[in-house]
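To start, I am sharing the structure in question, which I have written as structure tokens.
Chain naming follows the written order as A, B, C and D, and within any one chain the residues start at number 1.
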Amino acid sequence: MTDRNVQVEPAPGPAVEEQTLEIVERKGIGHPDSVCDGVAEAVSQALARVYLDRVGRVLHFNTDETQLVAGSAAPAFGGGEVLEPIYLLIVGRATKSYEGTNIPAESVAVEAARDYLDETFPDLDVGTDVIVDVDLGEGSGDLQQVFGEDGTVPMANDTSYGVGYAPLSETERIVLETERQLNGDFGAENPAIGQDVKVMAKREDDQIAVTVAVAAVDAHVPDIEAYEAMVESVREEVLELAREITDRSVEVHVNTADDLDSGAIYLTTTGTSAEQGDDGSVGRGNRANGLITPNRPMSLEATSGKNPVNHIGKIYNLLSTEIARAVYERVDAVRQIQIRLLSQIGQPIDQPHLADAHVVTEAGTPVSAVEDDVSAVIDDELDGITDLTRSVIEGEQTTF
Amino acid sequence: MTDRNVQVEPAPGPAVEEQTLEIVERKGIGHPDSVCDGVAEAVSQALARVYLDRVGRVLHFNTDETQLVAGSAAPAFGGGEVLEPIYLLIVGRATKSYEGTNIPAESVAVEAARDYLDETFPDLDVGTDVIVDVDLGEGSGDLQQVFGEDGTVPMANDTSYGVGYAPLSETERIVLETERQLNGDFGAENPAIGQDVKVMAKREDDQIAVTVAVAAVDAHVPDIEAYEAMVESVREEVLELAREITDRSVEVHVNTADDLDSGAIYLTTTGTSAEQGDDGSVGRGNRANGLITPNRPMSLEATSGKNPVNHIGKIYNLLSTEIARAVYERVDAVRQIQIRLLSQIGQPIDQPHLADAHVVTEAGTPVSAVEDDVSAVIDDELDGITDLTRSVIEGEQTTF
Amino acid sequence: MTDRNVQVEPAPGPAVEEQTLEIVERKGIGHPDSVCDGVAEAVSQALARVYLDRVGRVLHFNTDETQLVAGSAAPAFGGGEVLEPIYLLIVGRATKSYEGTNIPAESVAVEAARDYLDETFPDLDVGTDVIVDVDLGEGSGDLQQVFGEDGTVPMANDTSYGVGYAPLSETERIVLETERQLNGDFGAENPAIGQDVKVMAKREDDQIAVTVAVAAVDAHVPDIEAYEAMVESVREEVLELAREITDRSVEVHVNTADDLDSGAIYLTTTGTSAEQGDDGSVGRGNRANGLITPNRPMSLEATSGKNPVNHIGKIYNLLSTEIARAVYERVDAVRQIQIRLLSQIGQPIDQPHLADAHVVTEAGTPVSAVEDDVSAVIDDELDGITDLTRSVIEGEQTTF
Amino acid sequence: MTDRNVQVEPAPGPAVEEQTLEIVERKGIGHPDSVCDGVAEAVSQALARVYLDRVGRVLHFNTDETQLVAGSAAPAFGGGEVLEPIYLLIVGRATKSYEGTNIPAESVAVEAARDYLDETFPDLDVGTDVIVDVDLGEGSGDLQQVFGEDGTVPMANDTSYGVGYAPLSETERIVLETERQLNGDFGAENPAIGQDVKVMAKREDDQIAVTVAVAAVDAHVPDIEAYEAMVESVREEVLELAREITDRSVEVHVNTADDLDSGAIYLTTTGTSAEQGDDGSVGRGNRANGLITPNRPMSLEATSGKNPVNHIGKIYNLLSTEIARAVYERVDAVRQIQIRLLSQIGQPIDQPHLADAHVVTEAGTPVSAVEDDVSAVIDDELDGITDLTRSVIEGEQTTF
């Protein structure tokens, strides 16, 4: 058994699925805050890789502060234009030389950001619609961390906190999958759908209302009829998707702020409202599991852009979710589990000050009956903590 | 009785005070994230006032995106120096002219930011230790809002959500009052204490551990002995303060990351870690009530810097807290109350889509017995919603 | 005959070719000041074209203030890298909307700058080695100028001054053609030669010393021998070129600041010293004819980036050179001619306050004998002044 | 006698005073280009002093690239306001640490710039009307220069060129003294006169026309009558001043671009056109002697902001003027003298490659008669070259 401080106890209230009111939100990948999250995380991965590549370990850096200043644009049916580019400033710290080896941290950051934008936003011309600037200060030399050397586990850089849970509620799944579908297969077939998709769902008992705001891409919208058709097709798609997830009553509203009579519709040239008036920054949107869930405990720590080796807030937010999923999958009779990890500054990150689990079990199974199994999974996952870092660096984890 | 959609029900779990684990944090006013919050809110108030002054109504603006890029400094006992200034960029939108009247939005923003920094940070030379820059785009003209005209209630600009609660738990009070005391009377008497104070408390059952990080101001710290004395005096002060609040066991740790042997201590020239390596931005730190409370539902909406007339996220976060306090004060037998307000885009802000209360009552009093009283207070507070806006503009509300 | 104020008189001293000391310099297209000139002029042309295209006339703009902040780089034999990108800020004024038509001035500026850099610097990755930023204020609406409407001649916007001359002296030709050859055919065959070529020549009586500084491009320089070979090939090429131009004694020095022993050589990754430590700005380098010639009167007015319709400093600098060339070609017995044009604010630009010519004639021909012919050419060229504007917009004129 | 390469010969043409057309210009200290010159030079002096103070020698730096981006303003009789602050970016290179000593180069630069602006512009609120930003890269360590050590003479850092002359012509004196008077005693008594004064004079034979543009300061101009009175008082003052300098015919025009009927007058809030639409940069305005003189040979090298120890362009521009003045004062029968100094990279700066003098003597005195005296003065001044550096650092030399 573990010598870690693991506590397993019943959840203090009912499962989220049984609460009377539930609110869930997701800012899609094209929302200005998510743009910053995505850029910050892409920069972070690229820096980690260049450090590993050149000096065999990840050195001190932190790039969790990208700021986006909106541009201005004149969208128009059939294709408008950006008038003033979006300005995106990558802020942070990075080690720029180490034992005689130069690390081109700023160049790497700019390239990673541009590549990310290029891949993510087909209608955004990274050359001229957005200016990517960078200002990375020197990191403190003494914060350099060893990673990749014979299994050493890094020390926590702070007293911090992570929280995760599983499974997603129906409402949460609807929100998450709606955005993924609109920015995935359905979006690929419907180029009029921009990346700036925002999904909010409210469940009152068994009534779920999903509100979707979709930025249309003007080049693919010849006229108002095409716009209306796009809106309707999104509504139908989301409704169908929701019905596959839940038996509850679902209604879907798309672009409710439109006023068709006055021509006030949600039309963009680039697929994101960052082109006109909506600024953004890192850590203001989705939590590490991709959702904003006021019904669940949340960490305020920004996950995107942080150093994945020793930034304990990032690691514990991702790991707690991973542990929760693992418990839910592997331990029978667990209906809902929430994991909290609390770090201790200066201690190995696989030795949290406290790991606690709040469990809701199937009727008839007391929590005590699953306690050992839950503890074992937690222990197991903490043993593999450096694998998580590796998978973050390789881009296998989403952080927003 | 009200025709608003108000729901009052028992809280799903025990009061926070009775939960086994509680974590609470506050970033002091000198933390880089709080610096941004404070600047953003000061700018917001100044803009609201200049609009009222010149055109009699608050026009569209939003300044919730200040970004701080850390400087570099060489602190030293007796007084060091800033080597490279902090850079602070005020980002947002503001209406710059209205029916022929110019609004000097950028000049007002810079002045408000500088005044705020000047008043808040006695050891920061606003002239040379920090560069305050500004980039305010034009707001959309059609988003202009009426305020100050014969009682009209503005319409919600979004579907958003606010959450508040009362009373603070003991641990929460300790955290909040510790920071206020160190940045208040105690700090005034001890100029060696900088504004960048971070307080974290963890309660496990009846054991409270308070961890405080205090940036010392080098000009007032002649040597290591003086530094150690400052640290000890903070520890004693916080311990005393905590003991006045709770009968639980309390331990206090100050500047635990120090390594006195190697001389690695928390010394600064300006009183904030923004001088060296710590970037910041708005909305990443304290919630509207001044705390970070993973045990409580939180809204992720940044409150500081937003337009206090029609930004529903700001208004509902502040109002839900105000309502909770009012209920707790006015309704007997309420031990804990949490208020959620959910807006409806395009509807008057005093008519939320839903206002719901989760109540924990004194043993022996069912929630149903207080339901009407609670509803009446909620109703009453919603009636006075525009007073809240007024008090925000006048700087009477803290937002972080 | 003309009713313009044209004066033709003998030059006050001997022809430059006969003076005892002559100094001539040219900063090549890759010099940081020239980079700014080139970008500013490319932006200016693009803006003029978009105005003509959209509203049929060139509106008020001025983009003669690009600033380059050097990056940092680590060049190395066989290929080094940029560590911190060059930052290039396009500053100026532009009209952004006109009678309901939007002009995407900032987007056009960024695109023009990037295209120019892309075409001009094969070893500079415009995506990541340089950040192109833009800050164009609104121009004053009342400065809008008509161009392209039935032959109207614009009014001078200032009291300004232009000066030009012909022919180039031998030393001047050597300097100009050296740079053009190194950045032209010879450079195309020798990719190790970067665009940052600086040529300085000093003639003392009949001794011409040419000093060339050439930034080598590391990807094409495998080792020190290759570098030395490149330097020697440049020396030979320039010597040969000079000998075709002059019978005087010529010596050529290339990269004289090198210290081969210590390895201090002029190696770059991008072909320009802007990559490491050399900042630049518009109007600090070559005059409108491509040279810096302390032996000749020079205007300090920056030519690049200015509005070619009504900026009289730009127009008169280009036109005076064009007139001088025309006189030299068309009027026999003229050995050297210098033209000065002085504008009068508010008057048509084809009516200068004064046009004066200083002429050196062949021995035996008095200036009075050519006076009428010279006047006629001047008159003729002034009649065609709007053609000049047209050819500037079409990029047919070099301005630096 | 000297072993320096000094050449004294007759000027190739007549003295400027005898040429038929003369054009002279001065951009006053409040002109946007001069603002940049002044800031760059103030920064340079402050850096030189901090280096001397901390490490006993001036280290490598160069700050000759300040860029000003204009703000926007709404001037009004009796007092208007700045709407958007001026943005001023100090660009350059500076050594930031030396043998373990930190040099707070950026903080020093910002402070020097702000102090300079504060002292120079009484109506400019440095806190809010202008944002002073800074971006100083690291200088190359191996360019460090010794200064202040037992008389060592630094080596030239480049092949460069300086030119100076004496005495000023009447027209030149009128231009220079007009600006100094308007920004001096007369301005002090007439606060309505802003610092942005531009003076241009044209002499055709014995007719001098002086054109002055004066930015009025709105707080001191209650109405149009006051404005007209200010303009008239300037006209009279300049006329009187000119008549003390010359017996030639003089006419003076002030603010000729005004259109009183339409209310288009030259009114500002801060005293400089930088507040609205006029950008600026270093080295685009006055030469080192304070004038723009197309009738004289000029160096294009920016003097302001450069390192006064080893930047040979700066030193030779200042020194050549100082030598010319010394010759003119000390050697009888010299009516006009022009000095050119040409450096040799890597050689001591007191050993120019060539120093040549073009002399116009009184009628009846051949140049050969003064040659030895002129040479001796040149020699003498070159011997004292390091005194010049000292006086530049102490702010005793004007550079623009």
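The definition used in the following text is that contacts are C-beta pairs under 8 Å (C-beta built on N, C-alpha and C of every residue); 3 or more make two chains touch, one makes a residue touch a chain.
As the structure is a computational prediction, the values presented were derived from the model and not from experiment.
Distance from subunit D peaks, on a Cα-centroid basis, for A.
Averaging Cα coordinates per chain places subunit B and subunit D 51 Å apart. The distance from the centre of subunit A to the centre of subunit D, with each centre set as the mean of the Cα atoms, comes to 56 Å. Chain centres here are Cα means. That of subunit A falls 25 Å from that of subunit B.
Contact of a single residue of subunit C with at least two other chains is seen at positions 87. Two chains count as a pair here when they touch; such pairs are A-B, A-C, B-D, C-D.
Across the complex, subunit B is touched by residues 74, 81-85, 87, 96, 102-107, 110-111, 114, 126-129, 131-134 of subunit D. Subunit C contributes residues 7, 9, 11-14, 19-21, 23, 62, 65, 67, 69-70, 72, 87, 89, 91-93, 135, 137-140, 142, 159, 161, 163, 200, 202, 204, 211, 256-257, 264, 277, 279-285, 287, 292, 294-295, 297-300, 302, 340, 342, 345-346, 354, 356 to its touches with subunit D in the complex.
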